[in-house]
């Protein structure tokens, strides 16, 4: 099961990359990146998953004493949380950029933003 | 066309890399040393029931501080980028439906409350500062949708955001002096596992994070909404 | 007492958040907070730096959350971290200062972003946690995205977006790598991962490494970075280049530690490709900031190479990588800040800097630091790096490094030439908040130079008296030229008086020429008025280099002195009106030669028995020059070859000569004799030392000394031949110098007693008559305003003293008895009697009479022939220029009569090395085993005969009166314009018809083709960067794939 | 060998003999040349008349210092060259000032006069003078090359630079002459000899002088006399070098007279037979024919 | 349960890929944005299944919700620009 999830994550990354590489519209690229980001998150979570264990929260179901046997690895989850937040930060920034670029050049076509080169 | 072929070829290589990672992956049967440490010690050392929260707020607190800073930066830069595009408000837009306006008035306090609940209970239940902050921001979003011309006090938002940030850093530094190190939550009593007032400074920090994240998202949304349509 | 490093991060963040509390309008206060926070952060880091530097304490781990690593994020503070933090924070502080205006205009948000940027860079350096590293990277990405927007350049927005696109790809790869690394090791702590090694997760580690490497802007995955460099605010570009690149390099180093030694080649490979490609691509750049960007990429590449070579650098690793890194960071920051003063973006617009000498000094400091010239850290670092590489036999890498460095020096010095020589319409204003950062970088550069000198465990160049004396003139720039000139002469003379007893006769001769000879030429410098800014520091640096060269006993001292004299002379040459391209080719050839010498020393050091001085850092690979003699096969001939080519570059042997004519001809009146009469001797000294210590060497059965013999002979012939076709008097003299150096080279390569004596004779004679002729011609050129000989003519009556100097000079030079040149020829004939190889003599025979041709032309077309109308009111050259010429005349006659005064002791000295064939100095006659020569008798006989006939003629023609200029008839007409009767243009036309094929500019074309090739390569490379951010993403992915595939292959 | 005061009168004697011989031989050769061209030619004493006449003339014209000094240099060069050589082998009386230097001194002193003349002509004011000088210099520079190589070859052969020793080594019969012991060197040298004698086919550079406005007309009266004197001494002195190096030297004046005459005649003979070269042609000629001989002579010695 | 869960996971995964495909190749920008949000939303479902409730909440709130809103906000501001594609590649 985990392998399926992980494979899905990887495929999402690849799909996202493909979109980002082939769309010339800035917004489409950003959308593609959000897909890839989601893919990464899926991969990370799947890496931390362990069959038959429960979430790393101590409550009535999981007592502190036998937590070692009962919970899954909490670290990837913590990492994903951070990654998600950072991802939205970057996405917001890219969007702001896209807006600014559109305002300036009246275009969202990345192939036309080549004033700087060489 | 060439571009797409090249892209496919390149991604094929990456696919190969990923496939290798995938096939080489075997789930752990036991927790590794780090996870084991967290599973065994979190409750005793930090007094937090939600281990993920403990990791986020304390063990990897520096990451989280960086994380909120990412949002802070994003908000600041979005503000910076959009500052020049803030449109003049003389142009009127058609009013939004009555239903939405009324619904908003009713919903916003509840959403805010829910957000607060989520981050205050972060150390006990799933959720925390980020999720709570996002929920708070959704209230702001709702208000924006209901009344696109509503002018949010950037000053207020940024004051909340800054105060929360400064307090967060201050608590972190307090850890240096009062406890074991930067962002150590044990500057406050740990209390009993599972209670609201437990886990030392974790609820406090997560609340601050919630406020801060909420403010940051709100600030972003507000900035975006204030831009003129070209 | 030092403050916990976490406070650096906390202060940065706290201040950033604090600015949000302030009112939108109170930007001034926010700015003060920003500066204060950055200053505090700098102070804390500096405190740590002092602590570590002073006590040599061990790195300190700082844990967070009261939990030990790997369970919580840990930071580490050590010497390297402290140094980098100091650099980053200071760069941030000064960047804030430099951008003050912009920051105040954009408000507190911009300041907050800057603060976070600096904080994140610090965090990147401090953290020992892999994921934390990622967080800081993302912070840097986002902050960069924000700070790019501070530019006035609208294009910056698209540059920022391109960066964000690529960083999205990077972060995906990084995250995947991190999580699989975590899965394999069960930890995120870098040290913990390193303990387990990357064997179990090589692929994941590859993703991590390549992602971090991409932050170093490796070629070709760096188009976005260049766009940022070009379009960003210079204050930020400085931060981006200096601080961000440094932090990223450090992060790369940390990550690399996980992978261990097997991954080092990846770093080396990426590094060297980036270094060479970055420099090549910088060649065709015309935009200053983009050029600096390419240079940054190259420099990062070089440091990456050092990182990749850490397995062999051992304890020197920090010294080398740190030296390169700090040099680059300080210099690049300074240069970017400087670019803020320059209104235009073309390289030539930097000419505006000339209005402020201080800024020029900062500019040149930056360039010298980037080029790795002494006394800056890059110099020491490069020395160690090259030696260690040679020691391990990694010669290909060494070669590429030196090649890249040469290209880099090429474009940097071309740029400096523009700044000094071109015109700019812009003016420069110097608000203090922009000047202070530049000055800070300037001072930091020199301070680092001092520090690295101390750390090197060798002589600290900034404590060496001659160089200090030279640099002291920088502080005296306010003084009038005559005062400085007096000081310079006094300094040189005093130095001679103080030290002459320490030298053996051979070195003594060089010492006399370098010090007293220099002093005599300085007499001519009294003609200059005003302050003559830049002249004295340059000239004295050159002289300092030369005397240090004589003092040097070990390879390091020798090479350092060599570089010093090269730089000093470059600045001197650059002073000439039209000398910009020539100075450039001079410095490029000289540095190329110097690099060969460096390589030679390095290879030699690997096999020479080292006599290590006890030093702070190292018993480093330096050796006594004399122990070159102990080199064994098969290394020896290669070392010999490298060193010989290096030295022959300086003496302008044929093939390596094309820099000389322009450089010497276009230089100022008193500079030409310095660089021709004095400086060329440094190359000869090098050859002397080389041959004295290494003797004959052969490679693949070719006797290298024999090869030198041929080169010397061909040089002599072609140098002279080219000289006779010149229309420009100073160029003629310059080509003649090439020929003369060919003679000297030839004499040395004869490898017999008299050959060396002859070479020494040339050392002395060439100094005297070439200095004299250059002064004389320079004086004439100064008065007539032209150097084209056909425009002169008939100046004998107007400038009689200059004429006498020229006359004596050409008699001496052509070797006609009774003047001193004959002695040289006599020794030459005796010397070749002993030689084994005879064919090259033919060329030498031919070049003698040819020399006579151009000398005749020199004196005829300038002083004889017809006086031109526009010159009728000319006066004799200024006294200060004539006086040294008269001194030279006296010296020439003195040496002609009593050559033994000097030569005798040298003759005895040479006998130590080549005992056979010494001269006999009994009485007044000098006897060899083949013949004899009595200078006094010759002088007397010639004088008697001459005077007798002269007296007779005077008696007979006592009433002769000078006729008017046009009192002649020519082709049955009385000429009335001097031009019609002054035969001067295309003087040796028949020779050109007969021998012209020999002087086709083959060599110039050859080097021109090489240069074109490099430029074309650079230009082709530029086309990679078509400005499309998506294509840049492709570049990144291709980069990853290429590295991946090559790593698979290994 | 060393200086003593008696050398001075001996030197004057040498100069006196050579001047007279030079005048007579020059006229004789010219007469032979004229006869070969079916002309009557000059009387044998013509040069005496010319010189005496020119010394008798007074001028009030000079074009400047160097113009004035030119002939002085010229004659000093000729006289000096003669006096720096041991003219008669084995004779102390006519060894003159050869103690001052060896073969090299003689070789280089040749240029002394050339230089002076070049400078003097340069100031004369006539472009043709300068043109002539440059052409002469160009040609000589190439013509000297095979000679220098031949000298080197000979010096190597005898392992000495002393003219006396070179001559000594050639004593004891004609077959000991360098001419026979090192014929290639001599061949090269003799080609060079042709080039330096200012006779056809290598005399094109004198052409500007022949146009009646060149230095010979500018150099009139006693200037010209000095040059004419030199024209008597210099070729002889030069031939004496050749004679010493290649033809066994001369043990007595008559031997010297004969050898010098035939050598001079050789150049005149060639000159009569061949047309003139342009300067670049003569340069190429030496480069193509004489230089390889010289190289060969060095290689095989 | 033991069959249900894998089946659910498989279904969600397939749906995610399909949505991602739409996000990349879909005709309109709005559809693409929605599809991307859908991918995120389904990811949060997946996270819940994988015993990561914290992540699931975050992904739902931030990755799916907020990001989508941000995209729509900007989409609204660049009317006309979103159609510009210049052909596919």
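Letters A, B, C, D and E name the chains as they come in the text, with residue numbers starting at 1 for each one.
Everything that follows uses one rule, which is that a contact is a pair of C-beta atoms (placed from the backbone, for glycine too) under 8 Å apart; a residue touches a chain by one contact, two chains touch by 3 or more.
Every value quoted in this text rests on a predicted model; they were computed, and no experiment measured them.
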Path length in steps (a step moves to a chain that is touched) from chain C to chain D: 1
Mutual neighbours - chains that touch chain C and chain E alike: A, B
Innermost chain, taking as reference the mean of every protein Cα atom displayed: C
Per Cα centroids, the chain farthest from chain A: D
Selected pair, greater C-beta contact count between B-E and A-B: A-B
Far-end chain from chain E, centres as C-alpha averages: D
Cα-centroid distance, chain B relative to chain C, in whole angstrom: 54
Centroid spacing, where centroids are CA-atom means, of chain A and chain D in whole angstrom: 99
Chain D-chain E separation of Cα centroids, rounded to whole Å: 106
Inter-chain centre distance, chain A versus chain E - centres from mean C-alpha coordinates, in Å: 11
Shared-contact residues (touching 2 or more other chains) in chain B: 3-4, 7, 10-11, 14, 18, 21, 25, 28, 32, 34-35, 38, 50, 52, 60, 63, 66-67, 70, 73-74, 77, 81, 126, 130, 220, 224, 227, 230
In chain C, residues with contacts to at least two other chains: 131, 135, 138, 142, 145-146, 149, 176, 180, 183, 188, 1034, 1037
Set of chain E residues in contact with two or more other chains: 53-54, 58, 62, 66, 70, 73-74, 77-78, 88-89
Touching chain combinations (by label order): A-B, A-C, A-E, B-C, B-E, C-D
In the complex, chain A residues that touch chain B: 2-3, 6-7, 10, 13-14, 17-18, 21-22, 47, 49-51, 55-59, 64, 67-68, 71, 73-75, 77-78, 81-82, 84-86, 88-90, 92-93, 95-97, 99-100, 102-103, 106
Of all residues in chain C, those that touch chain B in their complex: 4, 6-7, 9-10, 13-14, 16-21, 23-24, 62-67, 70-73, 106-107, 109-110, 112-113, 116, 119-120, 123, 127, 129, 131-132, 135-136, 138-139, 142-143, 145-146, 149, 176, 180, 183, 185-188, 203-204, 206-207, 1034, 1037-1038, 1040-1041, 1044-1045
In the complex with chain D, residue positions of chain C that touch it: 796-797, 807, 810-811, 814-817, 822, 825-826, 829-830, 832-833, 838-839, 841-842, 845-846, 848-850, 852-853, 856-857, 859-860, 864-866, 925, 928, 930-934, 937-938, 941-942, 945-946, 949-950, 953, 956-957, 959-963, 965, 968-971, 980-984, 987-988, 990-991, 993-995
Residue ranges of chain A touching chain E (in the complex, touch as defined): 1-2, 4-5, 7-8, 11-12, 15-16, 18-19, 22-25, 27-28, 30-32, 34-35, 37-39, 41-42, 45-46, 48-49, 53-55, 57, 72, 77, 80-81, 84-85, 87-88, 91-92, 95-96, 98-99, 102, 106-109, 111-112
Chain C partner contacts - residues on chain A that touch it in the complex: 13, 16-17, 20-21, 24, 26, 29, 33, 36-37, 39-40, 43-44, 47, 75-76, 79, 82-83, 86, 89-90, 93-94, 97-98, 100-101, 104-105, 110-111, 113-118
